[in-house]
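Handing you a structure now.
The chains carry the letters A, B and C, assigned in the order they are written, with residues numbered from 1 in each.
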């Protein structure tokens, strides 16, 4: 997979109207812990438009999953405290009643989770796991629901789909299970599909197939995709725009090509440098030294300061650098121009 | 599924043979002549010889075991040293009383454990959870015979709400059966229910935290559907296992509680047989309890397989 | 047990974890109280265990006789205090028997696998197939009633539990790198088991010990209640209850105080056992605390 190639979907992105389907503003999520509040998401804002693929990238613990799950009420609150705004098709999600949120989950925003082995219910057939969504949101029952479920399985490329409806998850391969997960996410024709590390548990060839499947489905169905991953390599192949998160904040935000061609934030550069690329020797791969900060005791300044090899501004250790424009649609949270 | 059932049956059979050897050995491990001990002061040579030969004690050990176990397999457990009656009929007479008590106790245990366990799992660290934890910890620690005594003291003697003791057959007097059953069944049921409560709580909590429960929420299903179809359905698998084991403990618990309530059941039969050194009855009762346990375990395992599709293929 | 000694910081953490639960701490104190009574009980008891006519028979609790007087005119509190020693002793020795035999069986089965494992564990299955109290009764039927035989009987009952716990941990450990390494350099099996395996399977065994101790004391009380355990003239809590059963209508204190002693001791052991499990068995703890973890 070449780092600089853009997805087929990016051509489509330009063609869509400009109003975002999902618009997040200043989202904050914190958890009460014994040692004090753990600030996991600290003021994140982004938009995603129909037909567009937005990738959110960061290490585990960067708050990327929580920031998206919390929109749908999938982060239990309490103990989580969620503030900010998230407007989906003109409706505010934060503070929405549970029953209203339920009507958004599925038909509004579909989800695909990381590990299809554990994310599918082991004691229900895959057919039932698809039809229960259809039943809840579209009033489809019996044969009609089965027909639609078989159609969905066919759509995600499962051979002899109808006969598979009665299978249990453990009877399928990992790749097939992930296709079922995607079918569940798409069951009610969502306007936004959120994929949380959807290929992480799969081996490389299956990973490529799933990425291709998502790109194809997106161009066929025209939904917005939010792709959450720790792997910039995966993101390069499918994203239109990329958000890089660190310690619950966005540190860099750019269309996919400029991000890979000219990354600005030291953290983004670190992530890129740790990416294996054909032609570069393994020994040249760099690893960012140190660990992400403890969300209970975030440093007062830039959260990346303790691991940063530049630290070119005295404010780095005292103030949180705001996002500033460095190119068309390209923003970075540093106080200074990082030398190449 | 077929091979799983066969393998499970095979294992149970091996243990059954071991259990029968153990039960058989009881009479032979006794220090001294079991018949002489059983007869005690009522000794006379004629009875002695008759009992010895009827128990087959003059045969070689291996022959004795095969005789005993093949008779046992056909339902003949020998003859009581004391009453001269067949051990099987003594046991069959007592069976309804013990089954009533164990069944009643199981109902009580589940009535306590399922609601309490689910509520405390749904609201962890809430006051309700704390109360459930303390109550179940106390229920596990309380001696069942003490609770039986206190139960009689309070509900039978002082308040006079319930009869204090004795089993009344269901066929004779259904209302009396129930009235007499309540105190003993609650006593045994509270102890088992306490163990089960903790287990239901941790199983439900575990199922709530599973990834597929999150998937179910993400589908926009109602709380009720997520709870029943996804959480409880999965939590049920371990709960069934432990309930089966608890049923075996219930059988054990009835031994002592039967004594307190003068409940004419198997436990009391076994105990009286031990006290009067009526070894054939001891052997029969011990064997029967162990067979109960094996059968219950077998049923539980098969139930487990029908609840969890993953097992059928292993 | 060098590995354990080297891990003293870990033990302090365990103690700390037990101490953080106020309930567990309270129970630890209660447990300490019972231990003290077990040691000095006979000398602090105001009357002898079988001293009759200390007051009118069946007279209720008073300043002189806080737990009242029984049907033979004996001081109930003295009998409860003096009975603590036997209860604890029988429980501890019984669990000692179960621990000793069960751990050896579990280590052998888990370490050597193969036919030895099959044979030993089927044997444990057989023992496990008998309801606990019935197995104890059967053993007493063979050996005759009495405190010593009760210890042996209860010990036998709890062997399979220890064998299973030890075997499960040993199996997991067997494939660990440091055990394989020790084996590959030709260390003796006995040495590997004692030096490497045993210290590392200690945690679940310790947890099991404290929980089994609670149940062993309950079993002893039940056997004594049935007249098969501790024999007179030694006062035992279980026997006090069965002897007093006929008089409890007029004298509730005979039924209440010995039972309360059993209950408190067993409860304290169970709570401390739970706290130990939380501290020592992180798998259980993580299952319990799953709801606290951020997504």
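What we mean here is this: a contact is a pair of C-beta atoms (placed from the backbone, for glycine too) under 8 Å apart; a residue touches a chain by one contact, two chains touch by 3 or more.
Everything numeric here is computed off the predicted structure, so don't read it as measured data.
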Remotest chain, chain B as reference, centres from CA atoms: A
Maximum inter-chain contact count - chain pair: B-C
Geometric centre distance via CA averages, chain C-chain A, whole Å: 52
Chain B-chain C separation of Cα centroids, rounded to whole Å: 22
Residue list for chain C, restricted to those that touch at least two other chains: 291, 295
Multi-chain contact residues (two or more partners), chain A: 74
Per-residue multi-chain contacts in chain B, two or more chains: 214
Contact footprint of chain B on chain A as seen in their complex: 72-74, 98, 101-107, 110-111, 113-115, 118-124, 132-133, 136-137, 168, 170-171, 181, 184, 187-188
In the complex, chain C residues that touch chain B: 122-123, 125-127, 129-134, 137-138, 140-144, 214, 218, 221-222, 225-228, 238, 241-242, 245, 248-249, 252, 255-256, 259, 262-263, 266-267, 269-271, 274, 287-288, 290-291, 293, 295
Residue ranges of chain B touching chain C (in the complex, touch as defined): 11, 14-15, 18-19, 21-23, 26, 29-31, 124, 137-138, 140-146, 149-150, 152-153, 157, 202, 205-206, 208-209, 214, 248-249, 251-253, 255-256, 259-260, 267, 270-271, 273-275, 277, 279, 282, 285-286, 289-290, 293-294
Chain B residues within the chain A interface of the complex: 210-212, 214-223, 225, 229-230, 233-234, 237, 307-310, 313
